[in-house]
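Here subunit A shows up in two complexes: once beside subunit B, once beside subunit C.
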Partner chain A sequence: MNVDFVLQLLLNGLILGLIYALVAMGLSLIFGVLEIVNFAHGEFYMLAAMGCYFLTAGAGFGYWGAVVAVTAVSVCVGFVLYEVLLRRLGGRDFERSILLTLGLSMVLQNGALYLWTATPRMTTTQYTYESVVLGPVQAPLVRILAVVLAVISFVSLYLVLHHTRVGKAMRGVAQNRDAALMVGIDPRVVSRLAVAVGVGLSGVAGAALAPVYSVHPLMGFAFLFKAFAIVIIGGLGNVAGAAIAAVALGILESLASGFFSLVVVDGLAFVLMILVLLVRPHGLFGGGVRV
Partner chain B sequence: MRRAPALATLALAIAAALPFLIGDAYIYTLGLTICVFAVLASGLNLVYGFAGLLSLAQVAFFGIGGYGTAILVVDHGWSMGPAVLVAGVLATVAGLVVAYASLRLSRHAFAIVSLVFSLLCVIVARDWVSLTRGPMGMPGLPSPTIALPGLPPWQLSGPRDFYILLLVYAVAVLLLLYRVMRCRIGRTLLAIRQNEPLAQSMGQNPLAYRLFSIGLSAWVTGMAGGIFVFHLTIVDPSIFDFYYLETMLIMVVVGGPGSFWGVLGAAVFFSAIPDLLRFSADLRLVLYGLVLIAAVLAMPGGVAGLLRRRRLRRWREARR
Partner chain C sequence: MRKLGAILAGVVLAASSVGHALAQDGEPIPVLVSLPITGPVAAFGEHSRWGFELAFAQANEAGGIDGRPIAADFEDNRCNPAEGVKSVTQALSQKDYVVVLDGLCSSATLAIMPVIERAEIPMITANASATAIAEQSGVGGNKWMFKVNPADSGLTEAIVAWLDKEGKADKIALLAEDTDFGRAGSDGFSQALKKRGLELAAVEYYQQGTADFTGVLTKLKALDPNSIALYSIAADFQNLIRQYFSMGMKTPLTGRLILSDVPEEILKRGALDGTTTVQPYTIEVDTPENEAFVAAFEAMHGVKPNLLSFESYETGRLLVDAMERASAIEPAALRDAIESASYPSILGTAIEFDDNHLAHNNAVIMRVTDGKVEILGFSGT
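Up next is the complex of A and B:
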C-alpha cells in the first residue's frame, strides 16, 4: 500500500467532508431552532449550483462573483421560505412540516428537470484548470477553494452563534424553546434567521461544488441522503456534531472508495447511521436533542 | 352514514367489473394501476394515518418486493407465488429494522431514516451489479404460472390477467387493512397517535403497535411490488422512483390520513384522472407538489377531514 495514495484519499475525504458539513449544518440548525426537517434542503443546494453554472456560463461572472451572488440570493430565499411557508405551520406538527417541505422539493426538483432536463453540465471558471501541489499530493484549485469557503462559513457561523445576541438567542431557542420565550426571545425573528442561514449555507455549498462536480437537477436529491445520515449520526439538532460527523464520514468514504466497491462506499453512511441509532440514539455527541 | 360503506363497495364492484365490459388493454392497465395504488396508499394510510408515523420507506418496500421476487424467480427458479410471499417478508424485515432502530430516538428520526433507506435502495439497485444487474435491471421476466388447487395452471399473460390477479390481491389486502383499522389494533394505534403517554398509562406498548403497523404495511406493499414487476416484465432501479412515493403521499394526504374510504377514493382519483388527461410526467409531479403544499396548509385532515367537520357542524346546528 502506497502512503501517497492514502494521503491523497485523506485529502479528498477532507474536502468532501467539509462540503457535507456545509449542507448538514444548515439542516441541523433549522431542525434545532424550528423542529422542522427541511426536505427541500437538497434542492436549494441544487438550485445554487445551477445558479452558479448559469452565472459563470451565461452571464460572464467570475468565480468569486458567482459565489457571492449565489450565497446572497440563497439567504434571501431562506427569508422568503420562512415567511411564506414555514411560518404558517406553527408549533408542534412535525409530520406536516415534512410533507410541506417534501412538496416544495417535488416542485423545485421536477420544475428544474422540466426546464433544464437531466443533462449534467460542467461549470468552468477561471480556476478550473489549475491545481495545487502539496508535497506528495495534489488537488485541483477549485477543491481547495471549496475548502476555504467551507472554513470561512464555519468560522463565521461559530462567531455568530457564540458572540452575537441573535446567535445566542438561536442557541437558546434550540436548547429550550419555552424558556427562550419566557426570557423574551422572539421566536419568529430567530426562526427566520435560522432558516436564512441554513439555506444560505446550502447555497455556499452549491456554489463551492458547482465547479468541482457536474451540475444537474437530481444532484440535490443524492446529496440529501448523506446529509440526513450525517445529521442523525451527529445528533439531531446538534450543529457542531453534524460538522464533525460530516468530516468523519467524508474521510471514511474516501478511504473506502480506495479499497472497496462503489456500493460499500454509498452504503457506509446508512450502516453508520443505523449503528449510531442502535448504540447511541442521541447521536455520537449526545445532547442537543429534545424528544 | 351507515349506508356509505355499502354504497362505496357497490360502486367499486361496478367499477371493477367495467374493464371486462370494455375489454380494452389500456383500460385493463389503468385498472391494475388503480389496484396497485389502492394497496400502496392504504398501506401508507395504516402507518401514517393510524400509527402517526410518516414512512417514506414505502417505495423501498415496493421495490424490495419487486427485486426480491424477480431475483428469486429468475436466479433461483422459484415459482411466482412463494417468491412474492418471501419478497414481502423481506420488505417486512427491512421495515422492522428501520423502524426499530429509528423509533428508539423519535418519530422525527423515523421519518428521516425511512427516507434515507429509500435513497439507499436506489443506490444499491444501481450499484450492486452482481445482485441486481445494475442500471439496466432485469428485463424479460417470464410470464408466471399460478397453480391453483383443483384448477388447471393459469399462465398470466397480458394486462387482462394481471388486472384480475391484482384486483383479487387488492380486494384481499383492503379487506385485511379494513379489519385491522376497525378492530382493537386500529383503535389503539389511533389512541397512541393522539396521546402517547395516555395510551402508555393504559398499559399499551406503543413500540409494539407501531412495529406491527409498519411490518404489515411493508408486507402488503412489498407483495404488490412483487406482482407488479411481472406485469412490467422488467425490474430496474426505476421501481424505487420517488414518483411512487410522492403519488402515495398525495393520495393519503388529500384523501385524509386515518380515513379508509377517503384514501381509497383519492387512490382511485389520482391514479385514473392524470392518466386519462395525459399530463406530462415532469409537470405532473410539479402539480402534485403544489397540491401537497396546498393540502398541508389548507386542509390538514384531507377531504375526509373536511367532510367530517361539515357533518359535525350540521349535526350541531340540527340540535341547536
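Up next is the complex of A and C:
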C-alpha cells in the first residue's frame, strides 16, 4: 500500500470532517437548548455563502471582512428568527417546530432561487488558487482556512459553554428548563442567544465554505442531511459529540472513497447512524446530558 | 314574427361564430416544457428555458403561427423521474397541450416517454442525451418521441475516434454522475473502446449534488490514467474542476466537459491543457447564424448561451417550423410534420430524424491549448 496515498486520504478526511463539524455545530446547539430540529439550517448556511459571494464579488469586501460581516448578520438573523418564529414553540411542540423550520427552509430556498437563479457561482479570494504542500501531501489553502475557522468556532463555543455564566445557563436550560427557571435563569433569553449563536455558526460555515464549494441556492441540502446524521451519531444536542462524530465520519468517508466505490461512501453516514441508533439510541456521546 | 325571430337567431349565431373564429385566430398554442426548475441541475433547466423563450419570442414577434402566439408553460421535473411523470401527467390533464418539450435529464425524459405515448402527444427532447431514448423511439416503439441532440453513443464514438487517431485512447478512467446521463456516457465509452480492443481503466459514479470529490480524485491521481473522462454537470462539475485544480492534478480530461463553466483563471493557468472534449455545441462556433443567436440570447437574458440554451433554441425553432408546415395545430399532424423536418441548424447542417426519431447533428471536438479553447473540428454522430 502506498503510504503517501493513505496520508493524502487522511488529510482530506480530517479537513472534510472539520468542515462537517462546522456545519453541524450550530444545528446541534439549537437542538440541545431548544429541542428544535432546525431544517432551515442548510438554508442559513446557503444564505451566508451567498452573502459572502456578493460581498467579495460585488461590494469590494476582502475575504476576512466578508466573513465578519456575514457572521454578524447571521447572529442578528438568529435573534429575529427566535423572536418572530421560535419563541412561541414550547417543549411539546416538536412536530410544529419541524413543520415550521421545514416551511421556512422551502421559503428561503425558493426565494433565493427567485432572486439569484440556480446558476452556481464561485467565490474567488486571494487564496482561491493557492495550495499548501507538506511533503507528499497537499491541501488547498481555502480548505485550510475553513479548518482554522472551524477549530476557532469549536474552541470558542466550548469555552463559552463550559467556562462562562452564559454558557452554564445554556447548559442548565438544555438539561432542565423548569429547574433553570427556578434558579433565576430566563429560558427565553438563553434560548434566543442559543439560536443567535447557532445561526451565527451557520453563517461562519457559509462564509468559510463559500470559496471551497460552488455557491448556489440548493447548496444547503448537500450538507444538511449529513449534518443530521452527524448530530444523531454524536448524541442529539451534544456539541462536542457532534464535532467528534464529524471528524470521524470525514476520515472514514475519505478512506472509503480511496478503497471502495463512491456509492459506498454516500451511504456510510446513514449506515453508521442506523448502527449507532441500534446500539446506543442516545448517540455515542448522548448520555442524557445535552450541550 | 316567428320568421323575424328565426332571422334574428340566425344573425346572432352567425355573429357569435364569427366572433369565435376571430378569438380562435389569436388563441395561444399551448406547449408544455418539462425541465428541472429546482433540484441539483436547476441551472441547466434555466438555460434550457431561456433557449425556448427566445425561440418562441422570435416566432411570436414574427406573427406567431397563423396569428396564434405560442404559449409555453414550464413544469418542474426536478431532474427526477417520478416528479417528471407526476408533473407532466397533471399538466396534460389540465390543458390540451399540442406538444411536450425537453425533459432535459435523461432519467426524467425516459420516465415521461410512456406518458406522452399514452396521451398521443409528440415530445421533442432537446437536451436529454441517453442513447436509450432513441433506442425506444420511432421504430424502437414510441412513435411520439423525438430527439434533437445527438445520443451519447454518437458523441462518445466521435471523441474516442478522435483520441484513438491521436494515440490517446488507452488507459482512460471515467468519473460520472450516477444518472442515465452518466451511465450512458460510461456505456458509450466502454463500447467505443471495446471496438478498438481497449477498455476503461476505472469507472466511478457519484450521486448528483455531491460537493466533495477529494477522495475519488486522490484515488484517480494514484491510478495515474492517461486521461479522465468526466460526465458531470452544473455545480457538481464546478466543484470537481476546482478540486481537480487545487489538488495539483495534471491528467488531461476528456468526455463531455462544458468548458464555458470552467473558471477562467483555471483555464488561463494551463491546468486543463491537453483536455479534449466533445459537445453538440460551443459558443465559439464561427458562423453568422451562431453570432446572431448569441447576440439575441444575450440581449434577451443578459448572459451568454451554453449548449443547453442552444439545443433548446434549435428545438424551439424546429417546432415552429413544424407548426408552420403542419396541416393542423393538433398532436397527430404536428408529429407528422416533426417527422418530416429538414431544419437548417445553426451548425450548418440540416436536422433530420432517422427511423429512431434521432437527429444526427454534428458534434464539436474541442481542445484546451495554452489556456484557450480551440475547435479541433466537427464530427458526425
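Just so we're on the same page, the second predicted complex is superposed on the first by the 285 of 291 C-alpha atoms of A that agree within 3 Å, B and C clash if a C-alpha of one lies under 4 Å from a C-alpha of the other, contacts with A are read in each partner's own complex, and residues count from 1 in each chain.
Here, a residue touches a chain if its C-beta (ideal position, glycine included) is under 8 Å from a C-beta of that chain, and two chains touch if they have at least 3 such contacts.
Since the model is a prediction, treat every value here as computed from it, not as a measurement.
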Please tell me, clash or fit, for subunit B and subunit C sharing subunit A in the overlay. clash
Contacts of A:222 with subunit B and subunit C, given as first, second, both or neither: both
A:2 contacts which: subunit B (first), subunit C (second), both, neither? second
Thinking of the overlay built on chain A, is A:110 touched by subunit B (first), by subunit C (second), by both, or by neither? both
Determine, under the contact definition given at the top, whether A:254 touches first (subunit B), second (subunit C), both, or neither. second
Does subunit B (first) or subunit C (second) touch A:231, or do both, or does neither? first
With both complexes superposed on chain A, which partner does A:140 reach: first (subunit B), second (subunit C), both or neither? second
Using the superposition on chain A described above, determine whether A:124 touches subunit B (first), subunit C (second), both, or neither. second
Contact-wise, after the overlay, does A:155 reach subunit B, subunit C, both or neither (first, second, both, neither)? neither
First (subunit B), second (subunit C), both or neither: which does A:262 touch? both
The shared contact residues of subunit A with subunit B and subunit C are 109-110, 113, 221-222, 261-263, 266
State the interface residues of subunit B toward subunit A in the complex, per the touch definition above. 48, 52, 54, 56, 97-98, 101-102, 104-109, 111-113, 115-117, 119-120, 123-124, 127-128, 242, 246, 249, 253, 280, 282-283, 285-286, 288-293, 296-297, 300
With touch defined as at the start, can you tell me which subunit A residues reach subunit C in the complex? 2, 5, 8-9, 12-13, 15-16, 19, 109-110, 113, 117-120, 122, 124, 128-129, 131, 133, 138, 140, 142-143, 213-214, 216-219, 221-223, 253-254, 256-259, 261-263, 265-266
Mind listing the subunit C positions that touch subunit A in their complex? 37-40, 42-43, 45-46, 178, 204-207, 209-212, 214-216, 218-219, 222, 234-235, 238-239, 242-243, 245-248, 263, 265-266, 269, 303
Subunit A residues touching subunit B - in the complex, by the definition given at the top: 31, 35, 37, 39, 85, 88, 93-96, 98-100, 102-111, 113-114, 221-222, 224-225, 228-229, 231-232, 236, 261-263, 266-267, 269-270, 273-274, 277-278, 281-282, 289, 291
